[in-house]
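Pasting the structures here.
In what follows, chain A forms one complex with chain B and a second complex with chain C.
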Partner chain A sequence: MEALVIQTLNGVSLASILILTSLGLAVIFGMLGVVNLAHGELFMLGAYAVATMSKLGLSPWWGLLVAPIVVGAIGMLIERTIIRRLYHRPIDTLLATWGVSIVIRQVVRLIYGTGHMSSTSLMVGSTTVFGYEYPTYRLFVILVTVLVVLLTFFLYFKTTFGLKIRLVISNRSMARALGINTSKTDMWAFGIASALGGLAGAIMSPLVTIDPEMGLAFLAKGFIVVIVGGIGSLYGVIAGGAVIGGGEAAISFLLRPVVAQIIIVLLAVVIIRVRPKGITG
Partner chain B sequence: MSKTEKPNHLSGATLSRRRFGKLAVGAAVGGTVLQAPWIISARGEETVKLGGLFHMTGAGSVWGPSMQQCMEYAINEINSSGGVLGRQLAMLAEDDNTSPDIGIQKSTKMIQADGAKALFGVVYSSVRAAVAANVAARFRVPYFYPTYWEGGTSCGRYYVSMGAVPNQQLDYFIPYLVEKFGPRIYCVGQDYIWPRQSIEIVETLLKKHGGELVGKEFVPFDQSDWSSVIRRIKDAKPDVFFPFIGGGLVDCIKQYYDFGLGETAIASTLMDELFVPAFPPELREGMQCSVSYLMDLDNPVNNAFIAGYKKAYGEDAVVNNMGEALYDSVHLWKLATEKAGSFDIEDTVDALGGLSFNAPQGEISIQASSNHAALHQIIAEVRADGSFEVIKDFGKVEPITDCKV
Partner chain C sequence: MINNVLYKQPKFWVLGILFLALCAFPQVTSGYQTSLLAKFLVFGIFALSLDLIWGYSGIVNFGHAIFFGAGAYAMGIALKYLPFAGATYFAVIFAILVPMLIGILLGYFLFYGRVGGVFFGVVTLALTGVVQSIIIISSDLTGGMNGLFDFAPPKLGIPGLIEFDLYSPTVAYYTVLAAAIGCYLLARYIVNSDFGRVIQAIREDEDRVEYLGYNVPFLKVVIFAIACGMAGFSGALYVPLGFISPDLLSIERSAVVLVWVAVGGRGTLIGAFVGTLAVSYMQTFLSDQFVVLWLLFIGVLAILVILIWPTGIVGFAKRYSLRSIFPFKQS
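This part shows the complex of A and B:
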């Protein structure tokens, strides 16, 4: 029974981590049609925000607040200067965002040096769930993911801004004809997605290595989640995160981590073969 | 040879590496510290070039800069005390972008175009194996590798192992752990040769010393969620958790701490001054480690080395075991060249076997049969502030290897 409860929580927390890290990617990929290879670096910047606050002697909670704001602003800057020129050239965005990712990594090295950073823990200790001890911070990650997903859904489906974005995506020229400033909507959509990436990095900072390369591993997993779940749909991220995260946690426990990784990639291939547009596509 | 002279003032960031190669080193005259270096073309003698290959960018860039400084420091030190056989040394430095391909290109260039007499550097096994086989062995130039490694995968006359192989990190460490914490050890490693070899040796040593390997498992390189692995470790209730994980170690320990370590101690062979800052204080405190060098070692050679190094690169400058090994490598190359009495590469390589050097870690020597260095095994505990408390120095340990020169 204990194994079941703990492993379920492990599965849910891993799925949450994946959903949180892929959400911004899904927004940019699905809605703006941009394959953002710099998303991992936005994630990394979020983690650096927390580490910077720790270094300044402030509470790392400030990092959680600062990360989405700063990274969102950086995202908007990237959109204004680079991405907006490439909306009609999806393949070129691949190259451009890859270049941006290299620039961000090296700038971080110039500012912070090449070494690792660390942040003080946001939360320590464990909480009793169904009679079993589980790390409080992982429960917090699950909670934050639920809130962020709800907030994103609310933003896209219940606000005027969300309506505008959806209109721009479905018919850009009609949106323009109706007097919507599409360029501004693009900028905000990219900014919000970047802020999501930054927040994910900040939330994950107590659990992972903080160095300039940290975003790369999450980028690859993020793309698998988005593609398996279904491109262009926010529900897809949740489905993808649940399948990949839950699957990995279960197989890692029952078999071995190396086997889990092989099976997960095979599973992704099979899913895409059976449902080319992803689970929700 | 203990160095008490301060290194010359040129050792700084003011000098680009390319320029460095063209400059001979000036000396401070009559206490005047001269800011600008000047060129000595006295007697028309050319400098002797040594090539350094460093991870300045890419995944290994945590290690590159300090390694480059250590090489530069050694060369400056040698030059300011008269050079080698009357000739001044010049340092070539190239960035391999932590990539085997670029590593091969850059080191080939240093040998063929620039005429480097020896190669130094690299952390990543992939780059080391590529350079050792495709450059050092091919062009017959000695290559000094300063990083601890699995042993056996690079070998030969021109390959000089200056980092510890598994038995040099584990021979005394395992019995120490068994005695201090208890017999039950759990090992987790990334799924490649270094962890597999090391864990095999841990298992053998445990059997010999009355311990028991209560679990071992291997994980992929980019493992980022450790919850399932940690759950299995906790189920086994080990006295010591001994991971052989490179980059992912921080994630693993952070998450393990979150799940509650309980009574389990953490032991590692890869903790060093550059890696420790990645861990928050509460996580690193009390970690047990086995290394061949620590900045906190208290002996006259190391004290002079650290004082000079900090004078050259600032109070915050950091050296780890790889950096120190690189410093030792340059000095051993010098000793070999002097013993050979010429700059002929074959003579230098012949002279390497059996040489010993009084390094900052203590006396080290080159095993003549394998060209692998016999290194110190030092057991230390990490303090919360990130410094190390040296618990015991077991002295020089000979490498156990099948390699033949």
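This part shows the complex of A and C:
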């Protein structure tokens, strides 16, 4: 029974992490039709923000605050300088953002060195859930994910900015005809999505090894989540995250984690074949 | 038809001089230079296979190194377990068939699942990590992180009568040169055939080709399988020139091959070789010691080529006065 509860919580926290990471990807794709291969590196930058704060002797909570702001700004810069020129060439955007991801990785290497960093943990200890001990920080991750998802939904469906975004998605030229500055909406959407990536990295930083390569694994998984869930929809991200995260936790329970990761990606490929539009599509 | 009108035969003497220069190369340079060029030509074949799918059918593969690595591993494993003379030929066939099979499987799931365009690239990227993990954990067969070694050295020729050791730089070089020319001609034949034209039509407008009654997913699987087989072949050729390790399937290798093709010029075939040689020689001159700076440069190059120079070197050559010397085919 204990194993079951713990494993379920593991699944939920894994799913939360995946949802947090993939949310930004889904926003960018849904809004701009752009697949951002540098998203993993934005995630990595978020983690480095926390590590830097720890290194400077400040509370890692500052890192949590700084990460989305800095990473969001970097995202906007990328959008203005590179992505904006490539909206009509989706496959080329892929290569360009791939280039961006390499550049960010190498710049981080030049600044911080090749080795890995660690951040001081934000929370220690465990909390009792249904009578079983579970690390408090993992519960915090779940809570943050729920809050961020609610906030994103609120932004998307209840604010004027969200209305503009949805209008641009459904009919870009009509939006422009109605006087919406689509270029500005694009920039902000990209910035927000990047900030989400940075936040996800910052939240994850105490749980993983922080090194320049860390973004790649999360990027790959994030995309699997987005595709399995249903491309470009916010609900899809949640469904995809739940399936992939839950699945991985369940398989890890039985087999080695490496094998579980292999199986889950292969399973995702099969799911795509059966349900090309994703589980929510 | 229109294609044929635009297509001017390259000047015979230019190709002749180029061919003679390539043939004479091992005679006038050191063994090191010879094996270096052989290695780059192998990479050129690898890039050519990517250009076939990326430049002609619009399938962008961010995990193309999977097939290169699969070819090299298949070759190594076959050489290890087939101890008889002449095993090299079987090993090479094996090294082509294994990646091809992986390509067909992947293509079946993704192309029939209508995962096209950008998302195909993304899934292949995710698969790179998976395949690398598979190779690392099945260390009994692949040698894991240490890489695969102690296999029989690949030999060409007629077993028992006359044999050439592929570990000799000169033998490797001429083999690779012949292979490169062969692969280029094959690729040229494919893209000029009716099949090749349909493939290019798919790149332009998939839906319209579908309306015309073609089985688009099937055609995509076919061209993808051909490209994967060619990538595997280049991986097999790489075996005598380098080490078989999980590094062959790294994300960096997949990224670099994209840059080679983009720099050379997509959809030109010859651009794959031009880009590979240009970037690879640049890498040796800028020295392998500064790995961090080198990769940074590759990243910047990828961005710049896409933003300001999307047609690559060959596109540039086509547009300007070099046209009279190198009248490359428009595509």
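The rule we apply is simple: the second predicted complex is superposed on the first by the 275 of 281 C-alpha atoms of A that agree within 3 Å, B and C clash if a C-alpha of one lies under 4 Å from a C-alpha of the other, contacts with A are read in each partner's own complex, and residues count from 1 in each chain.
The rule is simple: a residue touches a chain if its C-beta (ideal position, glycine included) is under 8 Å from a C-beta of that chain, and two chains touch if they have at least 3 such contacts.
Computed from a prediction, not measured in an experiment: that's the story for all the values here.
Residue contacts after overlaying the shared chain place A:Leu64 against neither chain B nor chain C.
With both structures placed on the common chain, the touch criterion links A:Phe218 to chain B but leaves chain C unconnected.
In the superposition on chain A, A:Ile279 contacts neither chain B nor chain C. Using the contact criterion defined above for the overlaid structures, shared-chain residue A:Thr114 touches chain B and also reaches chain C.
In the superposed pair of complexes, A:Ile244 makes contact with neither chain B nor chain C. When the two complexes are overlaid on their common chain A, residue A:Gly99 makes contact with chain C while staying clear of chain B. Contacts of A:Gln261 after superposition: both chain B and chain C are touched. In the overlay built on the shared chain, the residue A:Leu20 is in contact with neither chain B nor chain C. Touching of chain A by both chain B and chain C, each in its own complex, is seen for residues 106, 109, 114, 217, 220-221, 256, 258, 261. Residues 35, 37, 82, 85-86, 90-96, 98-103, 105-107, 109-110, 114, 216-217, 219-221, 223-224, 227, 231, 256, 258-259, 261-262, 265-266, 268-270, 272-274, 276 of chain A are the ones touching chain C in the complex. Touching chain A in their complex are the following residues of chain B: 57, 59, 61-62, 64-65, 191, 217-220, 222-225, 227-229, 231-232, 247-251, 254-255, 257-260, 274-275, 277-280, 282.
Those residues of chain A that touch chain B in the complex are listed here as 3, 6-7, 10, 13-14, 17, 106, 109, 114-121, 124, 126, 133, 135, 137-138, 206-213, 217-218, 220-221, 245, 248-249, 252-253, 256-258, 260-261. Contacts from chain C toward chain A in the complex involve residues 58, 60, 62, 106, 108-110, 112-115, 117-119, 121-123, 125-130, 133-134, 137, 251, 255, 258, 262, 292-293, 295-296, 298-303, 306-307, 310.
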